[in-house]
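Order of writing sets the chain letters: A, B, C, D, E, F, G, H, I and J. Residues in each chain are counted from 1.
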């Protein structure tokens, strides 16, 4: 019995290692970006029916799991409020160190409002650099002004 | 008596509102990017002597404060572990929703290691869009591979 | 020296009691709804210049405070993550008891996405009822679909 | 062995996906609003016997589960004190940003007391809007004055 | 400048010790029970005008403080979520040890609902006992049934 | 294998629903108050041998479980430090709102010390009331003076 | 204005260093054990009038502070739930490592109940030892059996 | 498969109840104090080979469990940072109320350093007393002076 | 089904005790330091293929587990944010007591930046000492200067 | 009025910046290592009289502050349980990632016990390295075996 999306995520992760599947190959088969596809496989986004079937086939999932992939999940991928994993923590640290800076500069440019995390996309690229390659990540979110009424 | 950098940050914020100063103008005078300069004014980075003097003059700070601006601060700009401010929370949410995705894709591309939050830069841009302007932020961090020994 | 919006909120609350001012009267003078105006006076929204001057006059605030009212504040009005005040706790309880219900029904109707808390308005009304008057609150938020890319 | 209501909720969620059942159809069969029915299926409300039997039939539950549906549950539907799911977090954010506003305005109108979360109902509606459809939610709770004695 | 009820509570506590005032005498002068009066003096209930003036006179409070006594306070009297004071902790312990028992027995008697903490009164009495006097406390709260709709 | 009292509590709760047993009937058979008996069945008190056997028979427990009922349990019945269930939360709220009041009044009457939560009893009664029935709960605890030495 | 016992504790600690006073001398003058006297000076116990006056004279406290020493304090001497100070942490560690052991052995000897922390005394002694002197602390608390009713 | 010491502790507790074994009898067979032996059985200390075999025989443990008893465990016996069980909480309370007192008196006697929780022993005794028997616990820890260098 | 690295860590720990394997022997076979090898076996580092096969053979792991050893794990080895185990807590204590000292001295020597925990190695050695042997641990991390831009 | 060591630490930090004093110069004057001296100046260690007087002179402290420097402080230098400052966090991360490794290897070498954080010293050195200089830190703590009794 599958009673939440986490059960499906575990199946996917287990099959991914056993079958040595790459996220970029999944993304290509699904026809979406590698960022969105990975997030969806990890239980954070909702697949439509053809996408779910593709994913189900790739990872060898049962029909019940394929049905769950089309259900909006309870989001949040981290086991603790402050992440312990060093790679993910660096992002938490950026929010902690630069959070007020980001706030000040967006407000200076746009006024009161937020950068959407829903109407949002992300792109992760490798930049070759002789002093050590860099990870470049671009986040793009619609600015949503606070409504006054 | 100034006994930590927070005292100086409060002076800067108070003067900024009273004198209606813009961060981009501070950055221009300091000769650094608006992102780094704002973070430094908010107590997260260390100014060198000429930069500190420029900042001191702009905000009308006493000499003692100018000396503190050249001292490496205790970093972390948020009052709570999970930020309450909606704009900053959206970033925490991105880390929570996309954290494992970012981890998977960087490891798939680079192997085990992290994206540095120290050898790091950030660029915030407005993208005009008829459906609503977007905030585009590019984060660039050196990839640091885990050392095995 | 005023170094954050909380200082201004404290001035407003102090003057409100001393001068026995009503929020609805403030709202009327400011020309906005009582909900938005109160939130703004409590340090959660940003006034424009004429609004800030009206508020400054009503509460007898110094110029420096009036300037702060036009600065986007660090939002979040509660002293603890789980509110202790019974009236506000009931709202936390509604989120806790009905949170998954709201999620299920919005997703059933709209698909994956959220109800905006930014493009959002609130209306509080008294409904007379012989068994005891009721508080009726209508929340209206734009549905924002998750972007897939 | 079923030893708490959560076990039953998991059965319902699993069957809902497997059988592709809609909450509105459950509500119609049960004869109550979609809001109350969903909350009850998610383990937050108590069904009476005929309601429980209807639900049991719809989701194919064993008799033991049908008995549990008639037992008052230990309420609270969220896995963490601050919800990580973006849709539910927006509600937590509304409480955080507007909590003191709601408190001030209810006290100004009604005096000291609370809006009940027990003698309470909720109605979720879609409002069509050319700029993007809106979620409108009306909460209605009896005002309960603090007793002095 | 008084900007919240805690400032007034501190004034009352300071005056109480300096002038050696008893809560029961305050209650008698105010004309309410000692339980309600003490809670109100400690910043948890709202006085009406004559009561506030009586309290103000007894403790020698300024007019501004007397005005604050008539404002509904932000309630919650404890500095930590789990109280450290042994006397108050014992109550937290009772809730922790007997919480599910109280829940089971009220539901068995009344069905689903709660015992109100608003339409509520409390009475503290000393019971003489040769094996050691006892504290007897009676709590009386209206039963509020959960509304189904 | 039963390795803690919680396993037994789960068995009791499961049997209670399946067999539709009332706590008051258990109490009558055990020969103790309904409050103590329920707390003991919920894993908070220790039964003696005949009581444990009666309980075991009523709920159809295996011998191993009956042995566990006679072992002093690790007490504490709530899954979170601040209870999410509305009925139990109201008690937490009473402690939070009235905690300092209870402390002041007991100290005024008895001096420094506590009201015991061990040499303690509780009685829950329904009081009929035309405006809505009330839950009356009397707590009786021995006063224990702080020893000075 | 002194509004709580912490203010008095701070005065005592400040005077103790300035005047180089020893706790054992305070205890001798007060006529109680060094353990109780120190706890009382640190704001955890209640002095009677002559004791308070002796303490007031020794530390040079104003009358208002002497009055506060006779008021039952809000107890709890640590700034964080888990102490950071190494000496005090070792005690927290003992509770954490040996807590269940103490519980098992007291229950095996006495049955269900607790060791009182109120009818309680403590004695701290130095034991000379060639391998390094030892701190010997004896805790003595009345056993309080759980009442069944 | 046993993968940590907790699995073994659960086996011991289960067997202890089923076979009605007393800790003092275990201690006698193992040839160590009842305090150390109980702590070791509860997963906090490390047995040597003969001790582990004795324990294994007494509780009927498999060889794999006997091997685990000789492995240094991850220590800490409590499920929450602040214990909910009343008997263990009283110890936490003693640390909270008397923590600073213990610190002051040890420093006054020994200078800066700590009382070891490693080179440490504990002795629990019953003291008969006509006013109610007492639990006397003696803790003995080597004083370790802070090294300056 | 193995769905995360923790499952593999549990297998390794179970086999280690059952087969009485030493970490230093594992390290020698793997051809890396004992520090890195142990961390990797405990689920904190990533093995390459030959290393994983060696480990798999030593501990008798299934192929699926050997595949998981080559996947970058979600790092963080402690069950609580503040460790309860005394040996590990001492390290947390060093960070707490000496944290600001380390920060000051590194900044005095190197300027603003950090000591890397990624380009990092650790060496644990026993130093014989007549007063008691010592644990000497050398940590070596690349200094990473904060980038200004 | 100085009522705790933190007040003195703030004075030292303020004077250090104003007078541009280096920790290594303080250490030289005090005649101790830079690590111990800095920790002591930051309120974590206890100075003897001549050391305190030297420090007082260097930083221009009043006599009262010099007296406080000789009092054992309440230790713990960090404002939050999990440090937000990136340099200090890396140490917390090392404890989190390598904590169980350190534990396993010390136990393998020494048996059950801990590495002392009291009979402890630390040495911070710069190692020049063409690929980037390294911070090398050696921690030396006496091994303390767990006592069995």
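Rule of thumb we're sticking to: a contact is a pair of C-beta atoms (placed from the backbone, for glycine too) under 8 Å apart; a residue touches a chain by one contact, two chains touch by 3 or more.
Bear in mind that the values here come from a model prediction, so they are computed numbers and not experimental data.
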Listed pair (A-B, B-D or F-G) duplicating the G-H contact set, over half by residue number: A-B
Reference chain F; chain at largest CA-centroid distance: B
Between chain A and chain H, centroid-to-centroid distance (C-alpha), Å: 46
Approximate Å spacing (C-alpha centroids) for the pair chain D, chain E: 31
Distance from chain C to chain B - Cα centre to Cα centre, in angstrom: 28
Touching two or more other chains - residue numbers and ranges from chain E: 35, 74-76, 78, 81-82, 84-86, 93, 96-97, 100, 103, 107, 113-114, 116-120, 144
Touching pairs - complete list by chain label: A-B, A-C, A-D, A-I, A-J, B-C, B-D, B-I, B-J, C-D, C-E, C-F, D-E, D-F, E-F, E-G, E-H, F-G, F-H, G-H, G-I, G-J, H-I, H-J, I-J
Chain C to chain B touching residues, read off their complex: 1-4, 64, 67-68, 71, 74-76, 78, 81, 117-118
In the complex with chain J, residue positions of chain H that touch it: 32-33, 35-36, 45-46, 72, 74, 100, 103, 107, 111-114, 116, 118-121, 144-149
Residue ranges of chain E in contact with chain G within the complex: 10-11, 13-14, 17-18, 20, 79-80, 82, 84-86
Sites on chain H touched by chain G in the complex: 22-24, 34-35, 38-39, 42, 44, 75-78, 81-83, 85-88, 90-110, 113-117, 119-120, 122, 124, 126-127, 129, 131-144
Contact set on chain I toward chain G in their complex: 82, 84, 86, 89, 93, 96-97
